[in-house]
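What follows is a set of structures for review.
Below are two complexes that have chain A in common, paired first with chain B and then with chain C.
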Partner chain A sequence: MDVRAQMSMVFHLDKCIGCHTCSIACKNIWTDRKGTEYMWWNNVETKPGTGYPTAWEDQEKYHGGWVVEDGNLHLRSTSKTQTVFNIFHNPHQPSMDDYYEPWTYDYQHLFNAPEGPDQPTAVPISMVTGDLIQIKAGPNWDDDMGGSPVYAENDPNLAQLNPEQRAQMFAVQRLMFFYLPRICNHCLNPACVASCPSGALHKRGEDGIVLVDQKRCRGWRACIAACPYKKMYYNWQTGKSEKCILCYPRLETGQAPACFHSCVGRIRYLGVVLYDADRIREVAGLPQDELIEAQRSLILNPNDPAVIAAARQNGVHDSVVESAQKSPTYRFVKDWKIALPLHAEYRTLPMLFYVPPMAPVMAQKTGTTVDNISEDLFHDIDDARAPIEYMASMFGAGNAGKVRYALRKQKAVRWYRRAVTVGDVDMATAERMLREADCSPAEAEAIYKLTSLCTFDDRFVIPPMHREQAVEMLEDPLAHKQGVGFGFMESPRRGL
Partner chain B sequence: MSNLSAYFYALFFVALPYVSLVVFFLMTIVRYRTGAFTYSSLSSQFLENRQHFWALMPFHYGILTVLGMHIAAFLIPREVEWWARIPLRLWVMEAGMLAAGLLTLAGLTAAMLRRHTNHKIALVTSPGDWVVLTLLLLQVLSGIGIAMMYPWGSSWFAIAVTPYLWSVAKLNPNMAVVAAMPALIQFHIVNAFLIIGFFPFSRLVHILVAPNPYLWRRPQVVRWYRRPAAAKG
Partner chain C sequence: MTLKLLLHRIGPAFYIPLIFIAGPVAAHAQEAVDFFRGNCTSCHTIGGGRLTGPDLKDVTQRKDRAWLVQFLQSPQAMIDKGDPYALKLKDEARDVVMPNINGMSPALAELLLTMIEAESKLPKSQFAGLQISDRPFTQQDIELGKAIFMGDKRLANGGPPCVTCHTFNGAGGFGGGRLGPDLSRAFERLQGRKAMGAWLYAPATPTMSLTFSKKALKAEEILPLLALFENTARSGAEDDRTGLAGFFATGFVVAVLCLTLFAFIWKARFRAVRDPLVELSARKVLGGRS
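What follows is the complex of A and B.
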C-alpha cells in the first residue's frame, strides 16, 4: 500500500446556477495575460450542449484520454514511438478555431470617430491580431441553449441514447438543461503527464496537484491532445502549455482556490483524500462498468489505523491525515456515494467529482399552456426530462445504476426534510424512501447539512501544506536573513 | 594566393569557425542557465494547423536526413565511402540526398510563406526568426546547387571537407583544401558556421532539448519536496 494525499473536489450540480462567477474570478487572477486570453481554466457549460472547446467530449475527434487494448492501457493520442514522428506536427492538436478567437471592442473609436450622421459604434476586434473580426463563437456560445439544434443536439453524450429517447429529449415539453462547471480534474492517472515529452508536467507528491514546470516545457503540445477534458492550454505567446494550478499559492496560505471561494451557489467542496498509489495502473485498466466502483475503492478510509500507519510511513504528515478525516469530499464520494467522476471511461481517474443534478419534472402541453404532468414535486427519477442514460453517459461511465443511486438518495433526502420541516409528507413514507435509497435518517441529516447549511469551513477543509518544510529543501532560510523583502522575478519573456 | 585573399580565407575558414563554435558552446549554456524559460519549440501550430503540416513535416524530415548524412560523413567518412563503393549505391545515396534537400526546400519555402502571409503567425514571428529562415534558405539553396553542379559529394565530401573540419576540430586548421574549392562550396561552409554562431540567439535551441528521456521514462511523473527514506518509490 503506497498511501499518498490528494486534493479532491466535489461540485454539487443541483446547486449550480450558471452565473460564471467562478470563471471570472479565475480569469482575473490567472489568464488575463497575452497569449492566454482564450483560456478558461474554469469554465461553465450548459448541458446538453457542445461545451468548450467545441464538442470536447468527442474523443473520435480529439483523441484524448486512455484506452485499453488487449489488456494494455495506452494513450489514445500518442505513444513513445508516435511522439518521435509526431513531434514536428501533432496530428491531434486542436487549433484556436476549436476554442474561439478572443476579442474586445474598439472603444477608442467612440471618442475618436469623426463627426457624422450616425452614432459611432465600438466594433469587435481580435485580441490576437487587433484586426476587425466577425464574431462566430465564444466560450459560452451555448449558454442556456438547452434545446438548440446547433448546440444541444450536437452534444456527444447523446450518442448513448436511442433515437426514440433523443426525440423525446428534444420534444418541447421536455426541454431541460443544467450547468457543468469544469476545472482541471487533477487526475490520479493524468494523460497530460504521461504524454509530456519533456517531463515538465508532473503531479506534486504532497498534494497531487498537476502542474507544468514552465522552465521545462518546450511546447511539444502532446498534453493538449492527450487531456480528454481539454484542460491543457497552449499559450501561443510564450510557446508553453498552461493549466489550472488549483490556486496552489492560495491553498498554501490556507485559502480556497478563487473559483471555490467566489462560488455564489456554494456548490464547491474541497478536501484532501488518501489513496493507494500502488493500485492506479490496475484500476485504470479495468472494464468500463467497474471503473466507478474501483476508483472509489482507491480512496482509503483515513480513520483506518492501517491506512494511518501506512500514510505516516510514507511521509504524509499527521496534520494532513487529520484533515483527510474531516474532508467533505470523502463524505460525498465514499460515505454517501452521491458524487461521481465525470467521464470515468477516459481512465484518467479524475479527482473532481460531481453530484448529478435532479432534472426537472415532466411537463405536458395542453392547449397553449405547458403544465407539469406530475403533482408530485419529487417525481420519479426515471420519469425525469433527461433520460437516465444521458446522465450515465457523463457521470456513470455508461453505468446508469450509479447515477440512479445518487439521484434516488438526493430525492429521499428531500422527501425526508420535507416531512421534517413542512410536514405535508408522511414521515413513514419518507423513511421508507430513505431505506429504499440506502440512507439512514442520520445520513440524510448530514447530507442536508453539508448541502444546504454549509459554512465556508464546512466546504473547504484545506490541509496544512507544510511549505515551510518544503522550502527548506530549496532555500536556506538563513541565507535570506536581513535580506527579506526584495527578490527578483523573471518575466515570462517569449523565447528568441 | 594573394595576400588579400589569404587574409579573407583566414577570416572565413579559421577565425569564423572558432568564433562561431565558442559562441555556440558558451551562449547555449549561458542561455540555459539564465533563461531556461526561453528554451521552447515556440510552435505556432495552435494558431494555424493545416499549412503547418505541409511546411513543417517536409522541412524537418528533409533537413534531418541531410544533416544526418553530413554528420555521418564527418564522423565515419571511411565507412560512408566503403558503403558507396558500388556505383548503384552511390547513385541511390546521391539521389536520396538531393530529394531530401528538395523536400527541405519545399518545406522551408512553405514555412516562410506561412509566416509571411498569415497575420496571426506573423505576430509570433520575431526578426530573429527571419534571420534563421534566411540563413537556412541560403544554406539549402547552396546545398542543392552543390549537389547539382558538383555531384558525387557523398564521395568527395569525405576526402575534401572532412579533413578540413577535423583540422578545425583538432585546433590545427588547415584551409589549403577548402581554399581550392569552388566558391559555392566555400559559401556553403561559411554559411554553416554563421548558422552555428547564430544558433544560441535563435529558436534553433529547441534542437538541444529534443525530448529523448521520454522514450524510457515511466508514464507518470511525481515530484516530491521531501520524502522519508522509508517511503516507497
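What follows is the complex of A and C.
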C-alpha cells in the first residue's frame, strides 16, 4: 500500500445555476494575459451540448485519454515511437475555431466617433490579430441550448440513445438541460503527464495537483491532444502549455480555489482524500463497467488504523490525515456513493466527482395542454426527461446502475425531507424509499445538511499544505540562514 | 688530371655548388613543359599542325622574341593596338582570341619560348599533339561514344563520365548534368575533330583541367566521343531543352502525386470539429427548404 494524499473535488450539479461566476473568477486571476485569452481553465457547459472546445468528448476526433490494448494501457494520441515522428507536428489539436477566436470590442469608438446621424457602435475586435472579426462562436456559445440543431444535437453522449429517445429528448414538452462546470480533474493517471516528451508536467507529490513546469515546457503540445477533457491549453504568446493549477497559491494559504470560493450555487466541495498509488495501473486497465467501483476502491478510509499507519510511514502529515477524515469529498464519493467521475472510461482516474442532476418531471401533451405524466413531484427516475442512458454515458462509464443508485438516493432524501418539513408525504413511504435507496435516516440528514445548509468550512476542508516540508525535498531551508535579508530568487548582477 | 678524378679528389666541396647552379635550370625547363601541357596544348601543337591556334613549331623563327614575349603577356592588347601580325593570327583562328594566361610573366614567356625552340628541333616533339586516327567515324564509334558519355563504359583512367556535368541533345531521359555547358554543338564551337580532340586530351577550363589533369582521356576514348559530338552537331541539333522541361514536369507530377497520396493516407486526420457541424446543419436546413 502506497498511501498518498490528493486534493479532490465534488461538483453538485443539481445546484449549479449556470451563472459562469466561477469562470470569470478564474479568468480574472489566471488567464487575463496575452496568449491566454481563449483559455477557460474553468468553463461551464450546457448539457446536452457540445461544450468547449466543440465536442471535446468525441475521442474519435480528439484522440484523448487511455485505451486498453492487449492488456496494456496506451495513450490514444501518441506513444514513445510516435512522439519521435510527430514531435514537430502533433495531430488532433483543436483549432482556434474549435475553441473560439477571443474578441473584445472597440469601446474607444463610442467616445471618439465623429458626430453622425446615428449612435456609434463598438465593433468586435479579435484579441489575437487585433482585426475586426465576425464572431462565429464563443466558449459558451450553446448556453441554455442556444443553437441546439448544431450543438445540442451533436452531443457525443447522445450516441448511447436510440433514435426514438433522441427524438424525444428534443421534443419541446420534454426539453431539459443542466449545467456542467469543468476544471482540470487533477487525475490520478493523468494522460497529459504521460504524453509530455519534455517531462514538464508533473503531479505534486504532497497533494496531487497536476502542474506544468513553465521552464521545462518546450511547447510540443502532446498534452493538448492527450488530455481527454481538453483541459490543457497552449499559450500562443509564450509557446508553452498552461492548465488549471487548482489555485495552489490560494490552497497553500488556506483559501479555496477562486472558482470554488466564488461559486454562487455553492455546488463545489473540496477536500483531501487518501488513495493507494500502488493500484493505479491495475485499476486504470480494468474493463469499463468495473471502472467506477474500482476507482472508488482506490480511495482509502482515513479512519482505518492500517491506512493511517501506512500514510504516516509514507510521509503524509498527521494533520493531512485528520483533514482527510473531515473531507466532504470522501463522504460524497465513498460514504454516500452519490458523486461519480465524469467519463471514467477515459481511464485517467479523474479526481473531480459530480453529483448527477435530477431531471425534471416528464410531461405529456394532450390536445393543447401540456401535463405532467406523473402525479408525484418526485417522479420515477427512469421516467426522467433525460434518459438514464444519457446520464450514464457521462457519469457511469456506460453503467446506468451507478447513476440510478445516486439519483435514487437523492430522490429518497428529498422525499424524506419533505415528510419531515412539509408533512404532505407519508413518513412510512419516505422511510421505505430510503431503505430501497440504501440510505438511513441519519445519512439522509447528513446528505441534506451538506447539500443545502453547508457553510464555507463544510464545503472546503483544506489541509495545512506543509510547504515547508515539501520545499525541503528540493532545497535546503537553512541554505540562506546566514544570508542577508530574505535572499534573492535570482542572484543580483552587482555587488561583490 | 681528368675532371672525374678531380671531383673524386676534391670531393663534395666542389660539386655541391655545381648542383645548385644546374638545379634551377633543370627545374625551370620542367616548369615550362608542365605549364605548356597544362595551358597550351588544348589549342596548340609543336609540329602537329594547327588546332584552334597555330602550330608553334619554329615560331621563334617566324617572329622575333621580343614581339612574342609581348604578345604572350596580353594577346588582346596587341590586337587592340592594331598590330598587323596579331590581326592576321586572329583571322586565321577564325576570330578566336587567345586568352590572357594566368601567371604569364616575361620570364616565364622566355622560358616557354626556349622550350618551344628546343622542342622544335626534335624530330618528334612531345607536344606533337595527340594522334587521333583520321579514319571516318562509323556508327559503332557513335554508339561507343554515347556509352562513354553516359558512363555505361567506364573511363580507363578513372575520370568521371561526361554525363555527370554535361548533357547533349539525345542523351535521353532528363539529360545529363547542368554544371557544365550543353555539348550538343561543341563540335562546331571547338572547331572540328582535331581541335576538339586536343581539347579533350588536355582541357583548359579550370574545372575540367582540375578533374582531368591526372585522369586524362585516352585516344581510343576521345575518338568515339568526337564521333558522337560530330554526329549530334551534324544532325543540326539545338541545345537540349527537353530534358530540363521533362525534369520539371516530372517533378511537378510526382509532387502532386505524393500530396494526393498523403491526403489519401491521412484522410481521417484531424481538421476541424465545429465548422463541419455548422455546415452540416446549415445543409440540413437548406435541404429541407428546397
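Just so it is clear, the second predicted complex is superposed on the first by the 464 of 496 C-alpha atoms of A that agree within 3 Å, B and C clash if a C-alpha of one lies under 4 Å from a C-alpha of the other, contacts with A are read in each partner's own complex, and residues count from 1 in each chain.
Just so it is clear, a residue touches a chain if its C-beta (ideal position, glycine included) is under 8 Å from a C-beta of that chain, and two chains touch if they have at least 3 such contacts.
Here the structure is a predicted model, which is why all the values come from computation and not from measurement.
Visitor: Can A:K334 be said to touch chain B (first), chain C (second), both, or neither?
Guide: A:K334: touches no partner chain.
Visitor: A:R279 in the overlay: touching chain B, chain C, both, or neither? Say first, second, both or neither.
Guide: neither
Visitor: Report for A:A137: first if it touches chain B alone, second if chain C alone, otherwise both or neither.
Guide: Once the two structures are laid over each other on A, A:A137 reaches chain C alone.
Visitor: Touching A:Q93, do we find chain B (first), chain C (second), both, or neither?
Guide: Both partners.
Visitor: So, A:D58: does it touch chain B (first), chain C (second), both, or neither?
Guide: Only chain C is touched by A:D58; chain B is not.
Visitor: According to the stated criteria, A:Q237 is in contact with first (chain B), second (chain C), both, or neither; which is it?
Guide: The answer is first: A:Q237 touches chain B but not chain C.
Visitor: According to the contact criterion defined above, which of chain B and chain C contacts more residues of chain A?
Guide: The larger set of chain A residues in touch belongs to B.
Visitor: Scan A:N154 for contacts with chain B and chain C and give back first, second, both or neither.
Guide: After superposition on chain A, A:N154 lies in contact with chain C alone.
Visitor: Would you please give the residues of chain A that touch chain B in one complex and also touch chain C in the other complex?
Guide: 91, 93-95, 97
Visitor: What residues on chain C touch chain A, complex-wise?
Guide: 269-275, 277-278, 281, 284-285
Visitor: Can you tell me which positions in chain A touch chain C when the two form their complex?
Guide: So the residues of chain A in touch with chain C come to 50, 53-55, 58, 61-63, 91-95, 97-98, 136-137, 149-151, 153-154.
Visitor: Residues of chain B touching chain A in their complex?
Guide: 35-49, 52-53, 56-57, 59-61, 119-120, 123-124, 126, 128, 201-203, 205-206, 209-211, 213-215, 217, 219-228, 230-233
Visitor: In their shared complex, at which residues does chain A touch chain B?
Guide: Interface residues on chain A, with respect to chain B: 2, 80, 83-84, 87-91, 93-97, 128-129, 131, 189-190, 193-194, 196-199, 201-206, 214-221, 224, 234, 236-240, 278, 280, 313-315, 469-470, 473-474, 490, 492-496.
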